[in-house]
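Two complexes, one shared chain (subunit A), two partners (subunit B, subunit C).
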Partner chain A sequence: MSLIRFLVRKITSRVLVFYLLLTLTFIIPRLMPGGAFAYLIENPNVTPEMREALIKAYGLDQPLYVQYYIFLRKLLLDGDLGVSYTYKRPVLDVILEALPWTLALVTTSIILSFSIGVPLGVWLAFNRASRTGVSVSGLLFIIRSIPGFWLGLLMLIIFGYYMGVAPLYGAYTYGVTYSNLYEWLADVISHMWLPILTLVLLILPFPTIYTRNAVVDVIEEDFVKTAKAKGLPETMVMLKHALRPASLPIVTLFALELGTSVGGALLIEIVFSLPGMGKLFYDSIYTSDYPLLLGIVIFVSAVTLALITTVEILYAIIDPRVRIR
Partner chain B sequence: MRSKNTIPSLIITLIAPLLILMLVSSTAFSVTSQRAVESIYVDISGYIKREPWMRPGGTVRVPMMGEANTLNPFTLTTSWEFMIIDLIYDTLVIVTPDLKFAGRLAKSWSVSPDGLTWTFRLYENAKWHDGYPVTADDVVYTFETLKKFANVTRFATLAPLIESIRAVDKYTVEIKLSKPYAPFLYMIASQVYIVPKHLWETFGIRTSSDMANFGNPVPIGSGPFVLAERKLQQYTKLVANPNYHLGRPLIDEIVFPVISNPEAMLLAFQKGEIDVMTWSIPYASIDKVKNIPNVVLHAVTELGARFMYFNCQRWPMSDVNFRKAVHHVIDLNYVAATIYQGYALPGAPGRLPPFLTPWYNNKIPDKETLYPFDLRKASELLDKIGFIDRDGDGWRDAPDGKRIKLIIYSPVYDPLRVRWGDILADNLKKIGVNVEHRPLEWTALVAQLKSGDWDMLIIGGLGSLDPDLLYDIFHSKGSWNMGRCTIPGLDELLEKQRFETDVTKRIELIHRIQEIIAENVPLLNAVHQQFVFAYRVDRFRGWVTGPVLSPDNWFSYMNLYSVELSKPPAEVVTTPPKTEIAPIFTPTTQPPTITTPLTLATSPVAGAERTWMTIIALLAVVVVAIVVVMLLRRGK
Partner chain C sequence: MRKVLSRSITIQPISLIIEYIGILKFVVSDFKGALGLTLLIIPTVMALFPGLIAPYDPWIPTGKPFEPPSFSHPLGTNDVGQDIFSELVYGARISLLVGVASALLTVLIGLTLGVLAGYRGGVLDELIMTVTDVMLLLPALPLMALLAVFLGPGYQNIVIIIALFSWPPVARMIRAQTLSVKENLYVEAARAIGASSLRIILKYIIPQLTPMLIAHTVLRVSGAMIAEASLSFLGLGDPRAKSWGSMIYWAQRSGAITGGAFWWILAPGIMITITVLGLGLIGYKLEEWANPRLRR
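Let's look at the complex of A and B:
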């Protein structure tokens, strides 16, 4: 019973959050400098007649609440995100075309940085007093504070230009035909390793420091001492006894990162000229392509919310303590 | 516009192409008299060079900073869209690199003595990419469509001038104009792409919004290249049209990769991963780039200018003495030589750039002679119009005692214009004018300009080969007279030159107009900027450039041949042209030293040095951090 009540409460609150988000994404761009639709209608090349025609064509002459109503009705009833001003194609199509690239970049980077970061964090927790341990933590904090754009450019200049071990743009060699899938895959990897490395560096501090702190919290607990006292090997103590209680919040962090990393990918995609959602998002802001901008925000937040909710529900099923809170 | 300066330039990457197109499309060429007209008609074959040893093949890589969002030739807006559409579709005529007219789809053409009836004869062997012949019906359909949808396309000026159009026979078209219009041929050469009637009739374009929303995803044209592939945010690939009526291009393919980051574009060019720069090289990097083997630089000077509007609807900008005073507070030689590092000409007081012969009036002295940099003189002019401090707060007030606070707006993405905007504001403050310089984001700046709620506004562009553009900028009803300045006697001269068929008389009129502009300074013409492009000659040769034409153009793609495949006979082997590029402007007098505005005179650090400095700085931070950590540990 309490599980059902928990589910209902969680899902209602998430739906409300999503609705608030929709409203905000509708309002905020209309407050941007230059006003709605600036890219097309404030273009000096556009004649007044053309401007009028465009405003009418896109329904911008309607009162705001009518636009809002149409926006919600289309979105919720038809799942229609509208037509992109710049691409002149349905927003969903444009997003779905860009999605695989970002997904590949972001998931690979997150999986890599978690599979490096979590063990590294456990190790750091156990070696938190050693000289190397402190240096590694310090280094992580330094990396954490480097702006992504700058780090990307630096990597591009060092590895791409001076060392010549990575191409300077693109996700694969554009315009060539591949004889088989493996050839294509090898080409993609040869192009993507540097952006992935950069993104891994940018994400790495989060799981590492998070794990380190979580493990440090349990390391002084009696059961860890007991495990040590039993004479278990160090690695066994680290992984089985210390990491396990700390692992639940790490899973949440993983789900959260999946959503928020689209923002991190944005910079990487621009620096390395990669296709993807981040680049799309950036373009949509600077061209004031509202349907696209809103579409991306809605899409990404829906995915993030769904992920978090799923993870929370899974918790509730696994761990009864969660339901009570 | 095509200039870029580090990170803020990213912001403009999507907007700048619009401006370039604005410059390109407003470039109008005069067809002033019959005699003059015939001397500038040339044969296209002279511009497409073929040698027996040239072999077809090869893929040219041309970067685009942004995406070609639409391939609809009626609604294209950015220069990236132009780059692709110009190779897929044909215009009737084309402006050659040396600024003459050659036929592209039209084999020949003629105009009636009254300048009203234009007859075009098409090439009979021209075919659409799907095999159908290009006929007069297609041309008629194209012009009817542009008339019908003039409100959503780029043809608002052209459409009303076209009275009627009809097909005389299968390959002959006759266009009747409502009045003789000098830049007509230029307009159709630069803007009107002929589309296939048999396909466009099936697209179901009925209303203006149908046209505005039509992205033309599968463009079938008659041009030298055929669209092969288009991948969102990745690349566009064109392949040579083997049946092109002017002969097949020698290259097989052009790939247009999207390189969103200008730094990466330059790096890729330096490494030879792309063959041409389509974004102008920052001045600080020119020295580095010009020493790279197999790289040729090409500078294009803008026909327009970087300039500042005065809002003549407001006092004190409405007073010519105030405008002159503003001219006295800035040293344009300094601006060109230092801020633009010599890659600019100081703005001509008569607005037309000095190289625009014969229209440019070289009897008008330059701005530094006419209105030399002199704060005291500026101050006197302000006193003279009663713009003096009346309430003792240190700022000048209007004669009626009202406090005056002026704002100069400028585009924030262009640090160069922001810098001379700062100089203007600082020097005006020094002579007691309460002024604020406020750089704005582009869309906000244009919105501000259109609203009319501004005092002075810095912008750029508006260039043309035909001086008729002066009408748009300075006529009291001109579409680009954003400050609504009315200069006595100017309107009638601007109207008169428009339909003056005698070139000599028109030149006289244009010269007189420039004198009036220089006397009344309705705007501050700061500089005519240079944009520096580059191309590589190690993989492909045959690049075509012109004084106002960057290397990525139709003529280049028709002439490029692969160096690897084409082995010229020994006697033809030429060394690639050695790059000789230097700042075009060196002040004849020494740049003022003490009197110089004090702001921002440092020259930026060269690109490579900056890169290494950042690497070293990073290393230093890491080392210091590690040392500190070690020391702290030891102390425990």
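Let's look at the complex of A and C:
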């Protein structure tokens, strides 16, 4: 299959997924017991005038298909996600301010955990019978059993409270003016290293165990034995011969992991009170700020889909095998 | 003890060495299951007989707020003076119940869709598998939380929500298994003598899948428990019930970290981890039992 055809097919299918998601976010609020948008009436933050305006703007007094049309038109043509009840500003603006923090946290953590996890997995496959190898596997299994947000709290207690080497909340020191970019960066890193470490630990078991199993599958193959018999150094055998066949599924895992770890990242942000999407998400649930909540769900899903698709497309450009189904 | 413990947790890979120490592998692999069961004893007993273990009613303030652990309150008291250890004991029931119920519903949905897709094939198969792939792409947690917000509090809703977002991997696995079981000669024979599709599915296909189903139900319980804890941590649990997840939520909200009340946060998290770990160990052991090819 040519690259162009692959791109067209991939992007069309992902756009369809996004459209399905939009439809879901349209339906879910209308599932609420008490009929369509009953929640508008119950929200203490919504004044009667505001409610009238909202009912008019979303066509809530009209049949469902009209509401659906208005919903899609506002969102897709105007990029309008509504106005946040609590911030009294367009949802899109509020989200765009928070998004970079979340993106930075997620991408840094995933890239770090894969760059540690894949080599660790290869090493584990070759040392699977050794005492250290077994202990590492056991440790990874235990990490996988820990609820992510609780690990965050644990890290906060250990490093933040007891050892005092990390701040208890925030992504930067409040009320400080920076003289240059490096000062700002240093401050942010001193706040972000612990949440990143937590998320890296949480993601780590997936690439590691996956790589280990994939490499174990080929370790007994003749070409690996041949490479060893030729007298190639161990690392060369590991990386060039054993890891190569496993690289394709690892990239697929990387893309999928982007999707699953976003949820984990939101919770970690809440634990560490970072100014990202997680905190917005938590606040919007707590204050019943529904336009913001819906906006976050739509945005988080859109960004996730975009990230996954980008990784897949980049890989398809590098490796033609991917383009075949 | 430690050595055996860590050794037991690896999933044994293909290895010639293993053949020579087969007997050791047997002991070790049995220990894995044994360890899993041992870990599960504590939460199970708590869930079954909370009244026998808990010293107090977790709903009644029995001390001053924020008491540190003491002889009369082993894990101290919370912000309204309720005994945290008693909360922990009573929380086991809700946490386990939600986990088990969600897992059963998840496997039921996954089984139905997986068998339909695998057995019927064709357009239905493509449709189900497309939906499955789409579900796997979407970030589950934000969508689960959105549903929880709009469906309102209550553990029945949490169970349904968790199941709605957990079935895709089960459906995939069941579909693959159904495809291979379907090829067996006795299925063909049953069809030849005119057995209906429903009869073939119920009598000849599902019984073959049962070992796998049991293993996956156990594994799903642990996944569901983590999902429940995450939703509760977002404040979307049932405010009238006490679960381990909602305990952490209230601890976090009441400033347990800045106030130094760590036991309040640590205890429920440790219980969740122990239970999930125990279920995981047993689940993988059961998977090996269901699929002997995994015993490598």
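Brief remarks on what is shown
By our rule, the second predicted complex is superposed on the first by the 255 of 325 C-alpha atoms of A that agree within 3 Å, B and C clash if a C-alpha of one lies under 4 Å from a C-alpha of the other, contacts with A are read in each partner's own complex, and residues count from 1 in each chain.
The criterion applied here is as follows: a residue touches a chain if its C-beta (ideal position, glycine included) is under 8 Å from a C-beta of that chain, and two chains touch if they have at least 3 such contacts.
Keep in mind that this is a model prediction, so the values were computed, not measured.
When the shared chain is aligned, subunit B comes close enough to touch A:Ala171, but subunit C does not. Of the two partner chains placed by the overlay, subunit B and subunit C both lie in contact with A:Tyr161.
By the touch criterion stated above, A:Pro275 is placed in contact with subunit B alone, subunit C being left untouched. Once the two complexes are overlaid on the shared chain, A:Leu153 sits against subunit B and subunit C alike. With both structures placed on the common chain, the touch criterion links A:Lys88 to subunit B but leaves subunit C unconnected. In the superposition on chain A, no contact is made by A:Leu7 with either subunit B or subunit C.
After overlaying the two complexes on the shared chain, residue contacts for A:Tyr286 are found with subunit B and with subunit C alike. When the two complexes are overlaid on their common chain A, residue A:Val134 makes contact with subunit B and with subunit C alike.
Contact with subunit C, but none with subunit B, is seen for A:Val300 once the two complexes are overlaid on the shared chain. According to the touch criterion, the shared surface of subunit A, contacted by subunit B in one complex and subunit C in the other, consists of residues 33, 39, 131, 134-135, 138-139, 142, 146, 149-150, 153-154, 156-157, 160-161, 168, 270-271, 286. The part of subunit B that touches subunit A in the complex is made up of residues 7, 10-11, 13-15, 18, 21-22, 25, 59, 61, 63, 66-67, 69-70, 77, 150-154, 156, 208-209, 212-215, 229, 231-235, 237, 253, 255, 257-261, 263-265, 267-268, 270-271, 273, 440-444, 446-447, 450, 611, 614-615, 618, 621-622, 625-626, 629-630, 632-633. Of all residues in subunit C, those touching subunit A in their complex are 3, 5-11, 13-15, 17, 134, 136-143, 145-147, 149-152, 222, 226, 229-230, 233-236, 245, 248, 252, 257-258, 260, 262, 265-266, 269, 272-273, 276-277, 280. Note for the complex: subunit A touches subunit B at residues 33-35, 38-39, 42-45, 47, 49-50, 52-54, 56-57, 83, 86-89, 94, 97-98, 131, 134-135, 138-139, 142, 146, 149-150, 153-154, 156-158, 160-161, 164, 167-171, 174-175, 269-276, 279-280, 283, 286-288. Against subunit C, the residues of subunit A that register as touching in their complex are 17, 20-21, 24-25, 28-29, 31-33, 39, 125, 128-129, 131, 133-135, 137-139, 141-142, 144-150, 153-154, 156-157, 160-161, 168, 212-213, 216-217, 219-220, 256, 259-260, 262-264, 266-267, 270-271, 281-282, 285-286, 290, 293-294, 296-297, 300-301, 304-305, 308.
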